[in-house]
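As structure tokens, here come the structures.
Each of the next two complexes has chain A plus one other chain: chain B in the first, chain C in the second.
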Partner chain A sequence: MKFEHWFFNATPGSGFKPSWLIVAVFLIAYPGFSSDFFTFQIGAYSLILGTIALSLMMLAGYGGMISLAQMTVAGLAGYLVAILGDNSVGVMGLGWPWWLTVFVAISLAALFSAFVGAISVRTEGIYTIMITLAIAVALFYFVRQNYTIFNGFTGFAGVEPPTTFGVYWRNPLPFYYLCLAIAVLSLWAVFYISRSTFGLSLQAIRDNPRRMRSLGFNVAAHRIFAYFLSGIIAATAGVLMVWFNGRISPGSVGVEVVIDILVIAVVGGLRHPVGPFLGAIVFVLLENFAIDLIDRERFNTVIGLALLLIVLFSPDGLLGLWRRARQRLSAARQTRLAAGRATRDGGSESYNSLSNP
Partner chain B sequence: MLKIIRNTLVAAALISLSTATMAQDTIKMGALATLEGAFTVLGEDSMRGVQMALAEFNSMGGGKKIELITGSSNASPDSAIRAARKLVEQDGVQILVGPLSGSEGLAVKDYAKTQPNVTFLNGSSAAQDTTLREPAENFFRFSTEGAQWMAGLGEYAYNEKGYRSVAVLAEDYSFPYTQVFGFLEPFCRLGGKSPVDARFWVPIGNKDYSSVIAALPDDVDAIYVALGGADAVNFLTQYEQAGGDLPLIGGSITVDQSVLGSKGRARSFVVGTPSAGPISDTWDDSRWHAFVEAYQTQFPDGFPSPSLFAHAYYINTKAALLGLDQVGGDLSDGGANLRAALSALEFETPTGMVKLDERRNAIADIFLTEVIEGPEGNLLNKTIAVTSQVSQTFGLSYDEFLNYGQVGRENPKCE
Partner chain C sequence: MSNTRSSALEHLQSSGRNALELEAISRHFGALVALADINMTVRAGERRAVLGSNGAGKTTLFNTVTGDFLPTTGRVRLFGEDVGDMPSYERARRGLRRTYQISLLFGGLSVMDNVYLACSGIKRGRFSLRRPRRDDSTMESADALIRAVHLDDDRDALVATLSHGRQRQLEIALALAGAPRLILFDEPAAGLSPSERSELVEILQALPDHISYIIIEHDMDVALRVAESVTMMHNGRIFREGTPAEIENDPQVQELYLGNGQA
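Let's look at the complex of A and B:
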């Protein structure tokens, strides 16, 4: 099969929904009615984490592969931006122009993601989790102990986004819209991939790899390519993350944050690409405001309990809650309609009198 | 109709008046420490320091009520910045005390430059460059830093103990670099030696020291150890088991109460170890006694004696409150007057007088101590000497001091 057919031949989606328009208007208008803090640290940061979790959702939801190395891919891209571009630490900082830095950082990180895929692709389930976790931990220790390239424990500081078209991109407003644009683009890409021939084969491989193999599909190649694509998404978000923080250090790719991404994806819901973004919003809000709700020694318990409750009452995350609520609503409407129809049929006279005043 | 409009206007005026007076009657102060992650216990003790200072002033500063809002980081610079940003930009604190650890301090200093109307006071972070190179105009450090804490130790090891060459074992990040520099600089100036290949740098949380112990050279007189908490306990236990017999020299958190209070044979092994730092548990002085007593009364479930983290947060919070008293709690000018007052502030702490240099870093007294066995078999740090008014530049001019270069694994060379 030709590559164009394989990848660029997507079946049309389910069509436009009016609720999307409402969400789009809200997201675009959001900075207009929120403070800089809410625009930047809540809005933009949720979008970045959501995009990284989206790359996990793509692998887990369509490929059945739960990778814990997505934050590692994003972190590697962030490190490469600090190494190839400019930083204020005096280690590395090769001073490449920003567009080249970003391009090379994303490409190398995506290749690294494909490499992670190549290593872990022949495993299933919990073994995939273990191998990708091992890779994440290995990179964490590597950057912490390597001083010549990664500057060890201290990492890099003073990483600045470029100033183009007279806009300084870390200002809350432009940075929010940049993150929104990247998030929407990634979301669209994941939608598109899921409906392409490649995406459909990937989902078929998820459901029955043995059958797909006997049909002549190269299962390993499909999975590695999925890792590569998800790596592009994670790496792009990783560039945004290093611009957001202005710094990167081993703590940015440590085990806790690696697990956070899994938590975000699971809490949001792995069935639909929007899930990770819902999870990210809940996670960021809890992370920022749980300390105001309760005694400061216990706020991590609140975060843990909230996430636990969500998963307990809805195994498929916030999206599952929403879906069930909607089903119940529409079921209620159906009954009401049915009831209405019954009355209408019973009292056809009144119906007629209404329609012909 | 007119009446309704008039009533509405009056009501609106009243509401705006009352919110305005409310805003004027309280001052929001943020406190940022590590309340999660590896340094949680230290972060909790830091918060005790903040609360002690507030209790001393009845939570009032310049006649206004202080509203304390806490923030938490996990010792990574990213999380410190996020917590600081939340406190400043969302909660609207006008004064921020924190953070706890070295690399966080460097990050918060950079953030301070973007918030010129907020006054930042250090917590206990003790990296050198927080105030030495490219300092922020609105970042104040009334606690001293890691190199200052070593004052007198290098001289003591060379002159009194008679050590001529030492090996170094330390954790691999900015704070131990600063400590090693503070110890070796005077030691090597006097003629001591510490070859670069006899310095061992281990990651935080290292458990197995057998390879380091095997590689320690035999021809040194002592080992300078700058490890903290569990790392120190692990090394001491393993070194004792391996039959090590070299005397030790301790960094500021190597032989503190958390290590001396631990069980096991490593305890007897450390008797006679000299160390130096911003506090000394056994300093026989009424100001220190009063501080320890206040700590024990206010926090019966705290440490037996306040840690240097509680001490540092206490001093910085107290400085903020004294500054507020001087300007009458008036921050309407974006805190410019408060910062002017802080720059000139000089006050009595439980460990002696403190004042600031021109880069807003503390000049204060430092304690030289040695581990002894107490009357009940417990281990204590005995106060040997107090070095008064130690400055960040060791008494040199700023430009001369910069010639020493940035602290790091090979500074000073010392060969």
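Let's look at the complex of A and C:
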């Protein structure tokens, strides 16, 4: 219980910090000093994976529910884009206008997410993981075996984002900014909701569902609603994902990628909405550059080792490492300040300045 | 169904209906009989203490009233309404509250957030995605409640970091939130210092007259000062009912409490 608390439990979002401005400037200027490869394959891809992992962070960090079906929800939205919109394989491709396609894809995928929630809502801990994994595997086999709608093993190719305002959105620069905008919007939404009445109730249900029931809260309904909201985020990122890849197939919702999302969220840290994005950056960098260090087949070994190291040394992820490093730095600085003041004041009252720098 | 419920409520508000009626309640856990043939009536506004040694079935009784689990047989009527298999959150919305023997709080949130949620449990907008404003009526009632239980100093403290005594105070605050009509206190004085105990007695005595409560308490000093009627339980059955004075002077009760009554 104690360990779990330390591991996941996110605290509700606090106020604005100046360091965010630096990060914001960097993210906006990033394509200016990066190649197309870094803008698109690293930047945009990290943002997409980070957004899907964010949807898991919302469920796990605030709601205490670890779902392995987040990638499945994202993948379903991607499939729906290929099915309702246009694709080049000659199966389905209903040719709906892009905005209607996107809207319906996200809505249906979010409803599917609520359905996943409704199925798993009465389970806790490891059982939630198992049941959502089962759903993810079921959808994987369903899309692989169904040829009339999902085009089976082949899946769909030639899925393109629209061209609007004279911008072809799959070009690295506009696509990067599109992903950045969606990521920032999702991050802000999660952050804002964490302090809303619903967000607080979700965290309280995580801490103590029985007490929430005795205070008049319908715990199951709140959990299902949380799945629905996180489904909107995952599905939106799923639309970006299918535009990014241009194609989607059963492999896009396979067990490996489903688990990747959990890895990303845990590596980054589940205690704060920024964590999943950190995890996504590390994951994408490893995925792209691990092969320079090690054999292609050993790529998963590198990822596995990185996960092991992080979980061993910092169970609350990269964010936890960062937090502890900062605490140590500021403690060291305060000791230095106090020592300096102590010599100046001739040693009197030096310990008071520690508590009140 | 909903029609009969709302008319029952209206009827209750106009007349002085009983807050709680238990008819022939029993509860079995496998072969263990935790409760057997419990009949109890708590009038609106009545304050009752439930005494009994460990394993007498006091907390089990509370759990059947709140709907945490259903009685094996028997009937629970809250404010004149048969609550049957009504889920516990619905009972809470009708005015039933409880505290727990071991504090069940929301450790990852602040004191204010805990009390705010307790106040919003029976209100609309539980699913609201908007942040509550400082002058919101629920926020205001939460603020008032925090002052009433003397937790203002810890308003923004994380609950997991509070001392035991303060957590017990918060435990009570959560049960007082949002217009309660019947409160079940499960050993509220457990682990409290003498001064905290007298503070607790003050809080209980200051509750508005229309609020009924049932209190499980081992500390006779606390129990007999805050209750006007006493039910003594033993081995899942009601052993005696009476006024505090009657119970205190009952030789058999004394025997039970002094440890000769294991049989």
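Everything below uses one rule, namely that the second predicted complex is superposed on the first by the 328 of 357 C-alpha atoms of A that agree within 3 Å, B and C clash if a C-alpha of one lies under 4 Å from a C-alpha of the other, contacts with A are read in each partner's own complex, and residues count from 1 in each chain.
Note that in this section contacts are C-beta pairs under 8 Å (C-beta built on N, C-alpha and C of every residue); 3 or more make two chains touch, one makes a residue touch a chain.
Everything quoted here is computed from the prediction, not taken from an experiment.
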Once the structures are superposed on A, label A:N288 by its partner contacts, choosing first (chain B), second (chain C), both or neither.
first
Looking at the overlay, does A:G246 come into contact with chain B only (first), chain C only (second), both, or neither?
first
Check whether A:N208 is in contact with chain B, with chain C, with both or with neither, and answer first, second, both or neither.
second
Check whether A:I193 is in contact with chain B, with chain C, with both or with neither, and answer first, second, both or neither.
second
Considering only touches as defined above, state whether A:Q145 meets chain B (first), chain C (second), both or neither.
first
Taking the complex as given, what residues does chain A use to touch chain B?
35-38, 40-41, 45, 141, 144-145, 147, 152-155, 157-158, 245-249, 251-252, 254, 256, 287-288, 291-292, 296-297, 299-300
Sort out for me which residues of chain A touch chain C in the complex.
5, 9-12, 192-193, 195-201, 203-204, 206-208, 210-219, 221-222, 225, 229
Complex contacts: residues of chain B adjacent to chain A:
35-36, 44, 47, 69-72, 74-79, 81-82, 85-86, 89-90, 103, 106-107, 110, 172-174, 203-204, 409
If you look only at chain C, which of its residues touch chain A in the complex?
66, 68, 87-89, 92-93, 97-98, 100, 104-109, 113-114, 116-118, 120-122, 125-132, 158, 160, 174, 177-178
